[in-house]
Each structure stands twice: as structure tokens, then as C-alpha cells.
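Chains: A, B, C and D, in written order; residue numbering restarts at 1 for each.
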Amino acid sequence: MSWLLPPHASSYAADIDWLYYLILIITGIAFLVVQIGLVWFIIKYRARPNGKALYTHGFAKAEWIWTSVTAVVVVVIGLLSAGVWDRIKGRDSIPPGAIPIGIHGKQFEWHISYPGADGQLGTGDDLSIRNQLHLPLNKPVVATLTSEDAIHSFFIPAFRIKQDAVPGMTIRVWFQPTDTGTFELACAELCGLGHYRMRAVVTVHAEAEYQRWLDERGRAAAASPTALLQR
Amino acid sequence: MAHAHALTHDDVMRPPAGREPGSGVYNEKLGMWVFLGSEVMFFTSLIGAYIILRFGHPEKWAPPGEVLNVPVTAVNTFLLICSSVTMVKAFASAQDGNQRALRSWLLATVLIGASFVGVQVYEYAELVHKGFVPSEGLYGSTFFTMTGFHGFHVTVGVLCMMFVTWRAFQGKYTATDHRGVEVIGLYWHFVDLVWIILFTIVYLI
Amino acid sequence: MASTAAVVHEPALEHAHADDRPFIRKYIFSTDHKIIGIQFLLMSLFFLLIGGMLAMVIRWQLGFPGRAMPGGGVLPETMAPGGIVLPEFYNSLVTMHGTFMVFFAIMPLLVGVFGNYLIPLKIGAPDMAFPRINMASFWIAVPAGLIMLAGFFVEGGHAAAGWTGYAPLSANPELTGVSLGQQLWCVSLIILGLSSIMGSFNYITTIINMRAPGMIWFRLPLSIWALFITAILVLLAMPILSGALIMLLFDQTLGTHFFLPAQGGQPLLWQHLFWFFGHPEVYILILPAMGMVSDIIANGSRKPIFGYTSMVLAIIAIGALGWGVWGHHMFMSGMNPTLGTGFMISTLLISVPSAIKTFNWMGTMWGGNIRFHVPMLHAVAFVSMFVIGGLSGVFMATTPVDIYIHDTYFIVAHLHYVLFGGSLFAIFAAVTFWYPKMFGRLMNPLWGKVHFWLTFIFFNAVFFPMHGLGAQGHMRRIYDPTEYEFLAPLQGVNRMITISAFLLFTAQIIFLVNFIAGWFKGAKAGPNPWQDNGLEWATPSPPPHGNFPVTPHVYRGPYEFSSPLAVDDDYLPQSRKLETDREPAVLPAGD
Amino acid sequence: MRVAFGIVLALTAFGCGGDNGGASDQPAAGQEGGGAIAPAGGGTITGTVSFTGTPPANPTIDMSEEPACAQKHAGGARDPQVVVNDGKLANVFVFVKSGLPAGQTYPVPSSAAMLDQDGCLYEPRNFGVMVGQQLEIKNSDPVLHNIKAVPTKNRGFNISQPTEGMTTRRTFNTEEIGVPLECNVHGWMKASVTVLNHPFFASTGNDGTFTIRGLPAGTYEIEARHEKLGTRTQSVTVPQDGTATADITFGAAAS
């Protein structure tokens, strides 16, 4: 068990991990200061026969110091975070030309739509697949999150991305895979009795391979419709 | 006398207590003010939800007067305001120690409050008859919830007021101690105020 | 109001101690704040036990997913056929564990028990401002608890949408298969809200209006300050929840559309309302703990509290800032990301008063003459554990990091460090500290220490590794983590946590036995076993009906330990008059 | 509407008085009454459901994320929505819609109707139970299934079976035609159960035949329901203790 984060595989994951470790170091220091202080005081100031406690109501200077140090530290953390947050989730953060992917959460499946030849979603030639998210390497992807019933949460731990899919809302979120291989997509918001089974596999291909896969699946779907599409 | 009501066992058990100067008002009045703070938050949650929902989907609301009967409700609003006036009169009579006036004004307040509830029940029956029910979209949902809980508050107020009136008829309120009248009055004015807000945002806008 | 002569109370002198009320008025439908406090104590310890038992079932399933639970065969088929916990029952378990612990255990333990028991005693009042309303607030809470329990036995099972009841899962029975259970959940919490509101305006009025002569605001013990601010938070936050619950209940029963998106309702509206209540609620669950721990640390260290004024200001600041941070629960909800940044900053700022309090507790111990009685052990553990909970809060307050750890076991670890490591350790401290005042006897100190150390060790064994689980991305509320490849390697940790949790639960039996045994067999306590300064220690244990034979006058603050003015002792009670003390100005009795 | 085609009144003179023997020569593939015990004696309706034209291709199911189920379908899984063998249509639910004597009640069978979940498909897909009769739902897959019933007149349920071999029983309290059953973990899994307060119903098996037994003499309207192809009704007159034949035909175009 470790406090270290697992390997990451998306463009901005390193920024999140950097902030995480920064906070881990800062809070780690505070943790040690307090815990060591407590243990030290417990040993040093334990009751002794005829012991007498120091009669004081406090020192304003000490209080000012720890108040202002804490305030400065948290404000710095806040300022550092605000920029990263804005780059990941800000309203204008989605890179131009990102590949659109539709993610529709439904108890207890992810219906993932890929654009057809025109590169647009919702134009009738979309390809919809259950629980399989395929992505090209090093290309920004913008996922359009929707939900059929309850709130679901789109979570790919390796990409450090999470976003709720709320019924009645359309929420867009972007990410850019930086490693090929397979990863897992989980639902992170309690959505009913099958919540724990709401898992999909994420496969990141090299770009040419991704295109090949997409064409192949598109042909197969045209030849024989899948049961899932008739929802 | 200080405590006009009979000394209960609990009062007897209290030692003679001096005390630190507090708010400067007696417990019941302070308690009612504090409780009204809670009530403000309750109506805030309902009204806040209404505002958010309405801004989200303004098209789900019919224009004022199309579904709801504004004239009847306007008369009802006037009734409720009148009851606040009679309440003020009742309190003033209590301060003067005018028992007859106190009883009459209290009785008037009870009757006007009850008729407000009556008109609201009539209004609901009419609306339901027209097919406007709580499940009728966001409009029905918010309308019945907000006005319903206000009506519930008025009903509780009328019941408490009947109790106060009954005590007034027993001569329990004096010129020096008429806390019950003042405390129920605070509640009553609050409920009246909430209605003016509700009438404006639910019926007129 | 115009007032009233002191004469009224004259008959009281003769009767001051003649408590001839019948049993039922004395112990069942009592208006005495002390009895009501003890009633709340018994009720909430019962629900604490229930909540703990639910947690054990949760842990069994997580440690040994899909395996029949030993003894689980007694559960009906709709919950655990053959002892195998069903996913829908698991969801009910996590929902009800949270609900019972937050609303029926921790909150009544802190606010119901110690608010009732301590406020009049510590401010020198004979009782609450409204004793009958106080009684009603307990007897309203009881049916709320029974209704909540009843949900387990209705068709469709109990509420299963999480203790936060996120709509539309909670609003549309079709999505969970739970209809009546979810409705009972709403009704119970609405009733409980009424009980809490009745309690809180009582506390507020009492603290403002009924302090003994000389008990000026800045002589109030920090526990009372904390309970005062908490009461204000309860008063203003609970009605928001009631309003939201009413709308949720109507969505289920009357077919309204507040939170159902099909007709334009907004699922996020529920979250906003819930957390607008919920974040003040978080402080409701920790402020009284902080206050009581302050009292106990000063007592144990035999020193005045370090920085009394800044402690008070920190409590007020936490109470005030607590209204502006609710959005930090919703960073991933689809709320406008710009709002997210605002909520992040306000959330980070709230760590400042928390840090002030922590350093002040350490400052209090610094240079002390520390006595390690059982309450002090728990209080120091509170500081140590609360710090971990507070520091882990910085991670999720930071929006980018929260993207990753939101809704993972990191959150579970954090909230348990605050609510168990924080609130519950404080409750153990407070119960052992005021137990002699409540029952006139002491709990066994040896078994108290055994319980403390076992709890401390196993608590950390259970919850510290959860940070690591969260760091690996382990989602919360997951019925079977082994379904995920990236979580399967963590199963060993999950199992270790489960075994530790069973041991943690077992250790609580010691507390329970000690609690009950102390009632009959504990050593006689005497009025002031801890040599404390508070007014409650200046009256017999347990105090008589009416609390004080003679209304105490207050001459100083509550933390004058080791004062040079105290010649013989190392403490100086608030009500002991020294020759140099002036009499406080006394307002006549009555109104 | 013309009911002319295919109504054959086969009058059995006598000899079938002790009609119980008939149960054994029922086609093995056809299901009768979902375990309902028809009253002894009485008349019988039997028939074959045919399909004319070219049956539509059944959609494929992508079970690649559910390997435990996928391996039960060699050559790829398909959703057997329209199953036709030699022109005979399976998974048709046939029941007596009207014509029964009013006020008559029928004993509820003590045996349960079965619903299996095997290879992430329901079996049977279209069946009936009596009001109050137990419906036993079984999970034959080592994966989670949930069974959600969304009736309009009965009380719905939504239960789960996380482990293989788990069984759960449920009942329905009032008559309802075509209560949809679905699994939300596997969005393609759909079935339909019809709740009746009499035992006169049957589902066709792979040979397209059905048999409804124990009917008193009289003229009945029977309805045949198929999940994709809609419904057909026809009138049948059953002689005293005799057998009537009712053959039903669905076409390629759904009604």
C-alpha cells in the first residue's frame, strides 16, 4: 500500500500528480510537526510529583506566525491549482480539433459512440459500442457525457480524469492519451445495484491502427445491427 | 404578576436565580425570533429551488393569470394583511389591559386566518378540477409545494391562535404579562410576510 | 418585557430539593435537561452500535466479496440469500451506515447529549429556557429513529441511494427498486430535522438569556461557545435539508418534478440544497467535539487554554465560512468550473481557523503538567487524528487533485479521520469525562485505557491504509472491487482492513461494558473528580433537579489552572470567590 | 375481421374423458402454462404458429466485455428475437383472452414458473404465470444479472443475482398483459411475462406448436403475442371434452 500514485497515461496527468505530491510533501511536513510535537509534549510535560504547569494564556506573536504561515501556504496551493484546473476543466480548455466521442451512461453500461466518416457525432452514421472505448494515441479527445437515468461518473484512473454524467445535462470533458495499451473506465458515482459492474475497457491504439479498428467495426455494424442499438 | 400562569412543578424546582444580562427580551420572545430564523431558511430552500428551476426552464410556466386565479388570491392576500392588522390591534389592546378588545381582535384574527385557509382550499379544489395538479410539470410542482407549505404554516398559526384566544377568554393576559399574544403575533406577521413574497413571485410574475 | 419581581420564586426555597415527581415524569417524560441528555446518550449509543454493525457487513463484503458471511444466513433472502450480501442490500448498507452514523449517532451524541447536559450546567442555569420543548425534541427524535429502522423491513428494502440521497437515483423508485424505504428515509429525516431545530433554538435562547451572574460571553467555556455556534448552524441548516427532503418525497409520492430531468427538473439542484445544508452539517459534527476537547485538554494539561480569544474567533470563523464552501463536494458534478475555483479558495481558507485550533491545543499542552486520565488520552488522540483528517482535506479541496481522488477511498479515509478519529474520539473523551457528573460514579480507568489503546491502534489500521487505496483510484461504494483489474491487487489490503475493522468493533464492547458496569459498580465520584473549574463541578454528582442549590456567581474564565492565585490547588473554579473578586452585577430573577 | 382461415373444429366424440393422458403426448419443446396445472378434463386448443416470408436477421450481440457469457455462444451471440424453424415460429405466447365464464376462479399451481438467465439471455423470453403463482428466476451465469420488472398494474421489482446458481422467487398480484422484464447490466436482455388469473395459456417452442388444456366447452377469443411481430387474435370454439385446432400465422411485416 502506498501513497504513490499509479502510472499515468494522459497529457495533463503529470500536472495533477505534481500537485498531489506537492501537497503530500507540505501536509507531510505539517503532519510530522504536529505528531512529533504531540509526542514530545506528552513525554516532556507529563505530570510529575510537585510538578507545576506554566501559567500562561498564550502568546499573540506565536499565534500570528502560525496563522499567517498557514494562510500563505494554502493560498499558494490554491493559486497553483487554479491554473491547472482551468487547463483541464475550464470552459474554454477543450483543444480545437479534438476528436468527439459520445459517452452515454445507462444503468449499468457505457454506450460509447464514435463519429462516422464525417467526423461528427449525432449525424446518423455514428458507431455505438457497449463498454469499449477505443482511442488514438496522442490525439486530444473530447467526450460528450450524457446519462439516461441516474448520475454516473466517467472515471479513467490512468488518465486522471473524472466527470459526472448527469441526466438532463450534456457535459464535455477532454483528455489526451499518451500511452498505448488497455486501461479501465469505471463508474465513480453510486448509480444503483449494478454500479460496481459499470466497467468499460479503454484501448489506446496508434493512430493508423485506431482508424483500421474503427473502419472494421463500422463495416461489421453495417452488415449486422447489434442488439444494443435498438434501445 | 410575573408568571400569570400557575406555577408548575418545574418552576417550583428552580432556585431563585439572578442572571447575567442577556438579550434584554424574555425567553419566549427571543426563542420565537430564533425559530423564525429557522423558518426563513426553510422558505429560502423552497423559494430558492423555485427560482433556480424557473430560470432553468422559463417556458414551463404559464403567463400570470392563465392558470391561477389572481383576483381571488388577491382578495385572499388582502384578507391575510387585514389579519395582521387585527393582530396588531389585539396586541395593543393587551398592552392597554383592555380584555374585551383583546378578545374581539384575537377572535377576528382567528376568523380571518381560517377564511384565508378556506379560500386556499377552494382555490386548490378549483385547480385540481381544471387538471392542474402537483404532477403537472414544474409549474404544478413548485406552486403546490410552496403555497401548500405556506398554507400549512397558516393552519398551524390559526390553531395556536385559537389556543391563545381561549386563554384570553380566561383572562390570562394582563397589561404587564401578555407574552403569548406577542409571541404568536411575531409568528403571524412572519407568515403574512412570506405570503406577500409568495404571492408576488408565484402569482404575479 | 416588562418585568417581574423576584418574589415569585419564594416558594422555591422550601422545595428546592424535594423531587417528588412520579417515575414517569422523572425519567421518561422528563423535562430535566440532564435526564434528556442521558436519554439522548442511550438512544444515540444504540444507533452507534447499529451503524457499527452495518459497517461490519460492509467490511465483510469488501474483504471477502461474494463469500457467505458467517451468521449471515439469519438475514432474509432479500438482503443476503445464504449469507451472500446482495448488491442492492450493500447499497442500503452504505446508505444506512452513513445515515445512522451522521444523523442518529454522532449528531445527537454531540448536540443532543452534550448540548443538553452541559449547557445549563456550565452556564449556571437551572434548566433550559423551554424544558417542555426540550422534552418534545427527544420524544420526536425517537420515532424518527424507529421509522428509519423500519425501512429495513419493508418491501423493496431500505433506501439505497447513498446517505447523500443523490437524485434522480433517490427520486425515481424505478432506478433502485426501492420505493417505501426511500420514503421512510425522507420522512424520518424530516422529523429528525424538526427535533434538531427545537433543540437548537432552545440552546440558543438558553445561552443568550440564562447565564449565571458574572458568566460574561468571554468567560464561557469553549464547549459552550462551540455548542452555541453549532446550534446556530443546526437552526439554519436543518430547514434547508427539510425543504429538500420534502421536495424529494413529493417527487416520489406526488409525481412532482423537482429533481427529475424528464420534465425539466434539475438533479444538481438536489446536490446544491443537500450540500448547502451538508457542509454546515459537517461542522455541526466537529465543532462541539473541538469545544469539549478544548475543555478536557486544558484540564489534563493543568493549564489555561492557549489563546482563548483566538479559539473563540476560530469557532465563529469556521461556523461562518462553513456556509460558503458547499460547492467543494460538487467539483465533478458538472457545476460551472469557474465556481469550482471560488469554492476551492474558500475551502482552503477554512483550514486556517482549523490550524489555529490545532496549534492552540498544542500550545496548551506545551509547558503543562499533563495528567493522562482516560478523557485526556482520547482528547490528545482527537488532536492527532483530526490533524490527519484536516490535512487530507487539503488534497480534495484542491480541484485538480480532486479530479482524481473524488469519490475514492481517499474521501472515505478523510471523512472517517474527521468523524471517527475526530468526533468519536472526542465523544469517548467527553463521555468518560462527564460520566461521573451524569451518574455519580467513575468508569473503570484501566479498562478505559485498554479500550483507548485498542481503538486507537485498530482505528488507524482500518482507515490509514484507505488513503493508499484512494491513491490507487479505488472507488467508494463499490460492492465488489475485484471486478476491476486495477483494484484486484489491492484485495490483500482490503482484507487486512476488514480484519482490523472486526477487531475495532470488538474493542468497542469493552467501552459498552465499562459504560454499563460503571453505572452500578463504578467508584463514587464526588462532585469534582477531575479537579476542574467549570460550574458543573461545583454542584453534587449527579446534580439535583434545578442543578444548583444556590445560583453560582462567576468570577473568572473556565481555564484558570495552575493560577498563582490558587494557593492550595492547581485549579481555581469559576465560582470560587477570592477576596480580590468583585461581585458581578446581578439582574433580578425571572424575566 | 375475417376469422375464416384455419378454424378447424375437431370434434372428438368420446374416449378422451380421462383426458390426463394427453399431457404426455404434448410436444416436448412447447411449454404449457408455465407450470400451471390445467383443470382435469375439459377441452383443448392446440395449434401451430407459422411464419410466412423471410424472417428478419436477428441482431448480433457484442458480448466481448462479458466473456463468461460469450463462450456459451459459439460462433457469436445473436439476440433470438425472431426464431423460425421450417416456417414455424417460436417464442409466441398464446392465451385465452376472453370467453371464459365470468366469476370462475382457478386454483393457483403450486409449482413455480421458471425463468432462466443463461449465456446472458432469458429463457423463456415470452411466457405466462398465474396471479399468485411463484415465478422462479435463476442465474446460470457466473456474472451479475439484475431482473427489473416494470409493470403498470402490479408492483414492480428490481433485484439482483450476483452469483451463479442463485434463485429468487417473486409473484404478481393482478392480471397484466406483457410485463417487461429486463437486465440493466446487459442492455440487450429482455423478456415479457403475462400475468393471468386463469391457467389457459401456453408458449410455442421451436416447433411452433402450443396446447391449452382443460377448457370448458365454449367459444373463446385467443391472442398470440410475439415480442417483435405484434399480436394476432382469433375465435375458437371448443367442444365438450374435445380438441379445437387454432393455427396462427405471422408475416414478415410487423403489425
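Criterion: a residue touches a chain if its C-beta (ideal position, glycine included) is under 8 Å from a C-beta of that chain, and two chains touch if they have at least 3 such contacts.
Predicted model only: the values in this text are computed from it and were never measured.
Q: Quick check: more C-beta contact pairs in B-C or C-D?
A: More contacting C-beta pairs are found at B-C.
Q: Averaging only over C-alpha atoms, locate the centres of chain B and chain C and give their separation in whole Å.
A: 33
Q: Just give me the whole-number Å value for how far the CA centre of chain C lies from that of chain D.
A: Here the centre of chain D sits 57 Å away from the centre of chain C.
Q: Taking each chain's centre as the mean position of its Cα atoms, how many Å separate chain A from chain D?
A: 48
Q: Considering chain D alone, which of its residues make contact with at least two other chains?
A: 144, 146, 158, 160, in rising order.
Q: Among the residues of chain B, which ones contact at least 2 other chains?
A: None at all.
Q: Touching at least two other chains at once: which residues of chain A meet that condition?
A: If we look for residues of chain A contacting two or more partner chains, we find 107, 192-194, 197, 199.
Q: Hey, which chains are touching each other here?
A: All chain pairs meeting the touch criterion are A-C, A-D, B-C, C-D.
Q: List the residues on chain D that touch chain A in their complex, please.
A: Its residues touching chain A are 57, 59-62, 64-65, 79, 143-144, 146, 158, 160, 184-188.
Q: Can you list the chain C residues touching chain A in their complex?
A: Those in contact with chain A are residues 86-88, 91, 94, 160-162, 166, 168-169, 172, 175-177, 261-262, 264-268, 301-308, 310, 332-334, 336-338, 340-341, 344-345, 348-349, 351-352, 355-356, 358-360, 362-363, 365-372, 380, 383-384, 387-388, 391-392, 394-395, 398-401, 403-404, 406-408, 465, 467-469, 471-473, 475, 477-481, 483-486, 490, 493, 561-564, 570.
Q: Which residues of chain C touch chain B in their complex?
A: Touching chain B: residues 1-13, 15-16, 19, 21, 25, 31, 125-127, 129-131, 197, 200-202, 204-205, 208-216, 235-240, 242-244, 246-247, 250, 254-258, 263-266, 269, 272-273, 545-551, 554, 584-591 of chain C.
Q: Can you list the chain C residues touching chain D in their complex?
A: Its residues touching chain D are 66, 77-78, 81, 84, 86-88, 155-156, 173-174, 176-177, 479-480.
Q: Which positions of chain B touch chain C when the two form their complex?
A: For chain B paired with chain C, touching residues are 1-3, 7, 9-23, 25-31, 34-35, 37-39, 41-46, 48-49, 52-53, 56-57, 60, 133-135, 137-138, 140-142, 144-145, 149, 176-177, 179, 182.
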